[in-house]
Amino acid sequence: MRDKKRRTGIKNSTSDVVFNVIIIIICVLLVIIFLYPLYFILVASFSSPAAVAKGQTLLLPKGITMIGYNEIFSNKAIWIGYRNTILYTFGGTFFSLLLTLPAAYALSRNDFAPRSAFMLLFTFTIFFNGGLIPTYLTVKGLHLDNTIWVLMVPFCVNVFNLIISRTFFQSSVPKELLEASQLDGCSDFRFFIQIALPISKALVSVIGLYYMVGYWNEYFRALIYIRNENLRPLQLIIREILIQNQSFGSNQTFSSADATLAQKQELLKYGVIVVSSLPMIIIFPFVQKYFEKGVMIGSIKG
Amino acid sequence: MRKKVSLLLAIVLICSCLFGCSGSSSNSSGQQDNVPSEDPVKLSAIQLLNPVAKNPSEMPYIQQICADANVEVDWTIYAQENWLEQKNVILASNDLPDLFMGKAIGASDFAAYSSFFVPLDDLIEEHAPNIKRMYDENDELKIFATELDGHIYGLTTRKGLRPDTWRKWCINTTWLENLGLSVPSTFDELYDVLKAFKEEDANGNGDPNDEFPMTIFYWMDLNITAIVGAYGNYAEGMQLIACKDGQFAFIPEQEDFRSLFTFMNKLYADGLLHPECVTMDYATWTSIARDPDNATCGASIVFAPNEWVGPQWEDQYEIIPQIAAEPGIDPVSSYLPYYTLTYDSHVAQITTKCENPEAAIRFLDLFYTEDNSVQGWFGSFGVGVEKDSDGNYKVIVPNEYDDDEWKRVNSLCDNGLYYISEAIEEQIIPTAVNAKFLEDEEAKIKDSQIKPEDGNAYYLTKLTVEETNETAIILTDLKNIVSVAMAEWTVNGVTDDSWNQYLQQLKTAGVDRYLEIYQKAYDTQVKNR
Amino acid sequence: MKGLDATNYGGSIAPPHKTVLEKVLFSFKKHYQLYLMILPALILLIIFYYVPIYGLQLAFREYDPIKGLTGGTWVGLDYFKRFVTSFQFQELIKNTLSISVTSLVIGFPFPIMLALIFNTIRKESRKRTLQTIAYMPHFISAVALVGMVRVLLSPSTGLWGHLHVLLGLDAVNLLAEPSKFSWLYAFTNLWQNAGWNSIIYVAALSGVDVALYEAAKVDGASRFQQMIHIDIPSLVPTIVILLILNSGFLLNVGFETVFLMQTSANLAASEVISTYTYKIGIKSNQLSYSTAIGLFNNAINFVILLIVNFISRKLSDTSLF
């Protein structure tokens, strides 16, 4: 729509042409820089580990072997992992957005007097943490450990995301809009739900994406709080597959079995990336369309 | 109908008889005291295990032990890596099981959490004949197991058919043959051999440039200290500390250490040491040696050749005797049975939460019978080992498995409980690979091993909790200093200035205090024995 | 409801003096819905973050497992003193700061530039593809990332080595050089996270009113000028907030990647607070000591954050609080 206007309207100046060329060159470079190592990982996931270590797989695979993928997919637990992680990701993101967005909105309101005090309260928790053990004891005291809720609720508010959301609301919800609606007798709640949120589709999708990826990659909390085999998320199972093929590390009895397993682990650590990250990569384009230009058309015209 | 019922009844009666009768297997020694025939005692256990292993409840010898001890064990299995992160959480939140097994609680963990564990001496005396026998027959092992307060809290083990030296020189003997060279026994000879490896076509593939004469990885273990025995004074000490004639010394501050790195620098400068030694990790070190097309590495220091080069090339490599720095010096090798080679400590403990410690110790004791000890290392009868009519134990490994891996699938292995005495060792017929490994050590290394008293000094010396904490921190700092210096000297050589500065750093980091703590503890404890 | 708020009047009548309590109640009555909107998040944080804070006392007590986290003997600042006077302290602080400042300087501008570049691409499919490619590296685990770095940077067999051979130069072993470690870490981190971090800026740019671009074009602005005068200013609030937040993490170099990239040769530059705490704490069970080090670390971070926030508030309108 804009393109047509350009072609029939204003001519490209030379500086624009130069600009375009530079952009294209940069983009090509970026593609190479980002894509090559990813390609390397893909190739390494089914090449012989010895060849990989010796730099013989820089362009093409060598010593093709599917042992890594066999190992991963023959482990039945991996499907349990996928199932659980999907639950935790969508459930967790739901809770996260439910709690984070309203709070961020409230904090973005200049007429909300205690907002600095609350911000301090929230930010403080990023820096000062009681530590793993007291937190564990608290969760355990509430009987949340080893349940499906522990990975979705207690830690669903990420203050970092809260702060980013607040910034967004501050800069993209125009004051005039708020005042106009207040004149109409609109309550804070209604304003938030009917006006602020729809304007902020880009924010919601970005923060939603951040949370989703966070839940998808969650490993450590699962390790500490989940004992039940059926509740394990994908990352935990993947790490177990990796560990199953890992020697005990230094200062233990190295044996030939340990070292052969270490070789398999080299293979697996690349394979698991492909297996565990593919879904998130596929999701991205669907989320990305929400932060395209022109989302805010029609809110305020002069 | 009545006939069927009485038939069924008969079968049930017969079965229960058989069940009751087929109780204990042949435990020639260590008859248990009367095991009450009530409901099995329930015990919970946290067991550290190699990830390839089956669940203990699926291992026949363990099923038998549970039945004999009349216990039902609820096993929670952890892999080493996961355990490290969860350990503190479980311990600090007082979430204790009845038993910790498999070295879940090591010596330093015990020091931090000692109040959670039950002293075992009386229990052993009254209910554990096999464990009692182990300590009666081995004074030193009893010392190893006893804490400073005079009690035993963690059970120890003795493995069978194990080497006593940790790392040894390993060289590609096929290459030596190809080039008409003999096994080097001094640094100068080693230098010449490595030079030949580099310049000539040692692996016979027509390319004289694709051989790496020597590869070592410098990370984590500081295993390079295994070479320092070349000077005839100190052998590899796993915590950088060694004892000679009752005196503790810090290996990296000796003149020998400096001389060693002058030599390493020479190798590096002349391209005889892989240039990435100072940065490579364990995985890279093994990968380089396992090239699928050719053998590419000449020499290194290893625990076993196949650990390094893998099954494909292991026939080309052999362990060789410790190399001397100069002709006329008698080099020394380490002697480390107490560093998990033969003996292990704190393999299992009973916690204060256990309501029936008598049942627990009876259960643990059954692992120590002769048969169960052998099965505990190699695998159950019929699976990992077989007992023949002469009472010999023959190790069995199916063809498609590596023997190290097979025993780890079928037994608790490194994480198990057993007492394989010297007498029993004689009755074990190992696999060919294992036999050769032991013969090699016997023939080539044994003569250069340091005195057992010196080798064991560090491990038999106990420290208090405060001393353990203090040395832990000092050692972390010392290891950092030594690692950095080793890399620097290999690449750039040792100068007087850098050596003196290094010594100064060690002093500031507390090396004297480190030695003082051990020396004092050792002197006191040796005197009291 | 408009109420009798003093601001509605022209200021001719002096507003009645309110006590703090009255102010609070007034605010609550007026904005009770906003309070309700914050409440769930606040409750969650109180339960799961503020309640466990009692565990920080471990830094001031000698840990005794029987007496629990709060029962050990009080030793005050002993552990802190031990850390600050310890052999490693200066090196740890120096390394941590060096690595994180370098990462910040290198890593902060790139996502912004990437977002600006993405914004200029008109064809949606191309834009989407490029963004996806840029964002994929974020998913690579530290273990695989460092493994790959080691292989690619090998001076003998890696891409690094081959490139040098092509150019006729000698390749340096980057993993062996202490002086190069910060750069190595910064660039690795950049590669992994630039695309991911650019997402937030792309989203911010998407909110820019299209009319602004139209107007600028009519005024004869080149695309480059549009970028400078429209895109960048619209990103300023986001940039400032992120900069403040990042400054609060200066002493927080993450553990995994650094630990995996440590080698004997670069250890003098690669031992940071988090790796040292790991070696002391997890491996040697020094719970109190490692808690003290962590607390020390975080306290300094927080102070830095407050300072940067203050500066930002004075210089611009944007600040955290």
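Things to note:
We call the chains A, B and C, going by the order they appear; numbering starts again at 1 in every chain.
Here is the rule we go by: a contact is a pair of C-beta atoms (placed from the backbone, for glycine too) under 8 Å apart; a residue touches a chain by one contact, two chains touch by 3 or more.
Everything numeric in this text was worked out from a predicted model, so none of it was measured.
Across A-C and A-B, it is A-C that has more C-beta pairs touching.
Ranked by how far their CA centres sit from the centre of chain C, the chains are topped by B. Mean C-alpha positions place chain B and chain C at a centre distance of 42 Å.
Centroids built from CA atoms put chain C at 15 Å from chain A. Between chain A and chain B, the centres computed from C-alpha atoms are 42 Å apart.
Across the assembly, chain A contributes 52-54, 133, 137, 266 as residues in contact with two or more other chains. Across the assembly, chain C contributes 69, 147, 154, 156 as residues in contact with two or more other chains. Counting only residues that touch two or more partner chains, chain B has 85, 88, 92, 283-284. The touching residues of chain C, when paired with chain B in their complex, are 63-66, 68-69, 86-88, 147, 150, 154-156, 173, 175-176, 262-268, 271, 276, 279-280, 282-287, 289. The residues of chain B lying in touch with chain A in their complex are 50-52, 76, 79-82, 85-86, 88-89, 92-93, 220-221, 238, 282-284, 286-288, 290-292, 303-304, 306-308, 310-311, 314, 340-341, 402, 404-405, 408, 414. Those residues of chain B that touch chain C in the complex are listed here as 84-85, 88, 91-92, 94, 108-109, 111-113, 115-116, 218-219, 275-276, 278-281, 283-284, 469, 472-473, 476-477, 480, 483-484, 486-488, 491, 505, 508-510. For chain C in complex with chain A, the touching residues are 1, 23, 27, 31, 33-35, 37-38, 40-42, 44-45, 47-56, 58, 69, 114, 117, 119-122, 124, 128, 130-141, 143-144, 147-148, 151-152, 154, 156-159, 161-162, 191, 195, 199-200, 202-211, 217-218, 222-224, 237-238, 241-242, 245, 248, 291, 294-295, 298-299, 301-302, 305, 318, 320-321.
Of all the residues in chain A, the ones that touch chain C in their complex are 2-3, 10, 13, 15-16, 19-20, 23, 26-27, 30-31, 33-35, 37-38, 40-41, 44, 52-56, 58, 98-100, 102-103, 105-107, 109, 111-114, 116, 118-131, 133-135, 137-139, 142, 153-157, 159-160, 162-164, 167-168, 170-172, 185, 187-189, 192, 202-203, 205-206, 209-210, 213, 217, 242, 266, 269-270, 272-273, 276-277, 280-281, 284-285, 288-289, 291-297, 301.
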